[in-house]
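Labels run A, B, C and D following the written order; every chain starts at residue 1.
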């Protein structure tokens, strides 16, 4: 059953905070409503749940991939074509250290960026109820995406706690 | 220290996305003239491609000339972009907000300019991909080279390092750009632009989870990009430091010396860019004299450390008292064409700019900072030129093989091409995306507090 | 077949600087014709060049001719820096230059203390009349490629192959295995041979002259590249010193 | 937070702050003035005893004469160890004062107290002047010696002058920073104690004095950094590189200064841990002090690897005869085990352990890593100075290489006495003056009350920090 979503636009942070607490009182789960702001606020400004990020394991994971790729490239190429150059050993360590270092960092950056996109659940095709003024003018949006029958109750709560305007939208 | 005035969100959005919505009056004329310079450069390159490297001033034994100097110069400029933004992000300095993205974009385009220099320098540019560790199988148009690249050569480390650096800069700039693309997506009127921006913004809605990622991801990425920045310029310096036959190249201080030189010339490049933006886009409310003051102090410290490294390199070149080395240094200091360049290099690289930066009034005046930092970059271009070319003219025992070098027209045209390319790239980027992140400035407004102790107001900021 | 290690001895006492070796090398290895402008722009390609040095002031001035070619060093600084393996050390002790791998970064030329590597700045072209005298065994280099003396590796390869096919032993100092410059030297100043074969002329000279007080020395030893070309000093009876 | 309806301007939140009623931190002064426990006195006597043994070791070493340089290798290592660890610690307070991080305030005084170890370094340095041969023996030198114009003993003269200037700057820096605290303690004892009124030297706390203090400390801090670089530059070149013919490493002076700063941060971490664990300063030194030091140690260990790979790459790739010799002498020859231990303790242990959050962000993690860094630092000094002083400099011109490489010198009794003396004499001085100089600077902590505080921000609690200048 597709979710519909309703958006309430607030001017003041305290009003948005009260809307969230009243929604929570009306037994809407935390993952059903969301605050949308144009700029980053300190966490918990609206009393919303603290998002737990596990961003730290991505670089280590990427570093391991990068190290193995570098190992394959350097050791593989030098052993595949054991040509002596300049009297240097075929498996000469210092140049290999350079390639290890570069590849480890390259893959850890790539995996970290994908991790960041994954952590912020970004490629979101259907934006649901959304208003331009959140980003451009600094309004605060509270969007509730629930099955259709609970939408009017949510809209009524938003209006009561001082939303300037409400809007319906289609969730995924 | 900060005379600060609060701005409303809509005012900030208006100011910073103005260049994105409609192009400024001067935009097309400036980009057009830069495009003309680039055309001249490219035609020079086509002439060189057609008739061979004889058209450049390169000869035996000076086999490396203006292209490699330009390559090292642009790699140097690209470093400070990431270094400035990474260090400012890691120390959460308050004055990082307006300049981080400008610095990173400068990094992006100067890296592409550096790579294009390798294309000009190499004898057979259509085979240049043989340097990269791609598998030696048959790739479409070219017969399989049948062998992997030689991992022990500094010229294989270079593409790996610069490639890593370019890719991580692109990804870094993109992750920090997503909120601003969302802002422009909401600001721009319906049409093809809106579709492209909403695709690029990946549906960014500004939920607390997404803002927390925007908070921690740049710090994590700058912690990763800083080691890359250190390693790229060390590897570029090892292109020169590993060779034993050229006098003045084979010294161990080259890696730190090149990196401090890169920071010195790069941060000056960032300051020139900031002053340029301030003048072009009238951003007086966002780039304050305090930003120039803070960067000016940083530049004085970096310049003195760089001068200490230069002193160390010269002392330890003369320390073993070998004749070829002394002959080279003597030539650099007393022989006419090189001694003039050397004096100009010392004056513009260190003495005039650092002398000027000691005065607070100079540091706080964007116009003065603009000219002193351009002087620095002229000096640093000459510094790389004076490292590469006199060393190569080989004042060694085989006295019949001493050489000199004068850049040819084609080389001058292509050096001008790279400068025009970078400036034009930054302007076009500023036309497509906002160069000063609006959400960062708005965050600054929200986190701002004032502590009043008696008569003095001290600006304070929220620390998580 | 025992592994051979090719080397050369240059007897400076016999060399009179007649440049015959330079001409022989240019015709054998398809080196392009050098115009006057190449000499002015210092872009001439001479795989072996004879350097003239004068010693002493006017009344008793002494000329000294030193033919300098690629020394095929054991620890060649030019090999590890080539990114595409265009120059590497093969098992016969030669510093090999593979022309179709080279992309012209010119890093190896910077790294050679003896400056014996040359770059093709222009496309080489010959008048039609001279086209048939090109040596089929040697590739004609296009522009943008580095090249250097290879001890006429094509002659070594061909003789070794014929020796293996027809089953005869390659005897030391044979004209078909010697490089073009060695064959053309009328005063036999240049001696080429297999240093692993103890009876060969070159190893006997090396054994006799290579010691402390012998006439043999290597060019620019302080770079530590251990070159394979041994130079023998000029003998000078007028002075007390045996040789200079 | 007043908000104007239509254009949503955020007005600044103004926080009123004044120090009128808040008294100087009584608890800090009580900890400082309390009778020292017997563990403190025990340590005091141990270090006193060991320093006396050190002095005896010096005299014994002097008595066996100066001509055999290899006997002095452990002595020079011990002296260099003082300069590259104890004298590197004050750099921490300079650097963080410029970077204005507020987490440095409780521990910046402890890093300035290490300035006193300059005197111990000077005492150990004097005999070395006779060990180092003059320039007449034809060795290459920084002063481009040509007889007649440059005096044969110029390395000795200039290094001693630089060293004395360096130690004096360190002492004045310590006194300048501690002067407001002496004034507080003088007024605390209502003028009775003559030591504090003499040390405070008429400090009344006028705005002019505070402004002058800030300028003087910043100028002297930069001067201290430059003098540290110069002194270590002389030690690296004329006392080390000149003794190994053919070693041309223009990076080593910078590497030595970096090792000094790394050693300084390591020994500071241990001192802060001791203050936290047994010093009674539990509620002043929190987790973010040790965490900050852990992050700094991690960053500097990365730099250690970068300096090492820069010089190794150039020397390894060059393969000139003299470079192969130096690599054989210092790394891959007989000194290989020492090099492996050094690399393990100074680079691998801090790098791989401090990447884990649990070790870096803990009370016990950074100090343990700091101990391994100090061990590595000592081994690194021994690897360089030990081999340089015990090398016989004959070169056989056939292969342009050293005739024979020295094997690792075994320390005899006198060496051990000197090493223990060199480590414990600075500690002895530090323990003595920590009775008079308060180990946590009172005025810096009090200044923090002006700028840092927790404020309510809508529904959350945020830390607001001001940037004074």
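The definition used in the following text is that a contact is a pair of C-beta atoms (placed from the backbone, for glycine too) under 8 Å apart; a residue touches a chain by one contact, two chains touch by 3 or more.
What you see is a predicted model; the values in this text were computed from it and never measured.
Trainee: When the contacting C-beta pairs are counted for A-B and for A-C, which pair yields the higher total?
Mentor: If we tally the contacting C-beta pairs, A-B comes out ahead.
Trainee: Report the chain ID whose CA centroid sits closest to the centroid of the full protein CA set.
Mentor: The most central chain here turns out to be B.
Trainee: When the centre of a chain is set as the mean of its C-alpha atoms, what distance in Å lies between chain A and chain B?
Mentor: 30
Trainee: Could you grab the centroid distance between chain A and chain C? Build each centroid from C-alpha atoms only and quote it in angstrom.
Mentor: 65
Trainee: Between chain A and chain D, what's the gap in Å when you average each chain's C-alpha atoms?
Mentor: The answer is 43 Å.
Trainee: Quick check: what residues of chain A touch more than one other chain, meaning two or more?
Mentor: Residues 42-43, 56, 81, 83, 85-88, 98, 137-138 of chain A each touch two or more of the other chains.
Trainee: Multi-chain contacts in chain C: which residues touch at least two other chains?
Mentor: If we look for residues of chain C contacting two or more partner chains, we find 75, 77, 80-82, 85, 88, 223-224.
Trainee: Can you list the residues of chain D that touch 2 or more other chains?
Mentor: 8, 309, 313, 317, 319-320, 457, 462
Trainee: What's the contact topology between the chains, one of line, ring, star, complete, other?
Mentor: Topology of the interface graph: complete, with all chain pairs in contact.
Trainee: Taking the complex as given, what residues does chain C use to touch chain A?
Mentor: 74-82, 85, 87-89, 226
Trainee: In their complex, what parts of chain C are in touch with chain D?
Mentor: 75, 77, 80, 212, 221-224
Trainee: Can you list the chain A residues touching chain D in their complex?
Mentor: 11-14, 17, 42-47, 56, 60, 86-88, 94, 97-98, 137-139
Trainee: Write out the stretch or stretches of chain B touching chain A in their complex.
Mentor: Touching chain A: residues 8-10, 13, 133, 147-153, 157, 160-161, 163-164, 167-168, 171-172, 174-175, 178, 182-183, 186-187, 202-217, 220-221, 224-225, 227-228, 231, 235, 439, 442-443, 446-447, 462, 464 of chain B.
Trainee: Note which residues of chain C are touching chain B in the complex, please.
Mentor: 41-44, 51, 68, 77, 80-85, 88, 101-107, 109-115, 118-123, 143-146, 220, 223-224
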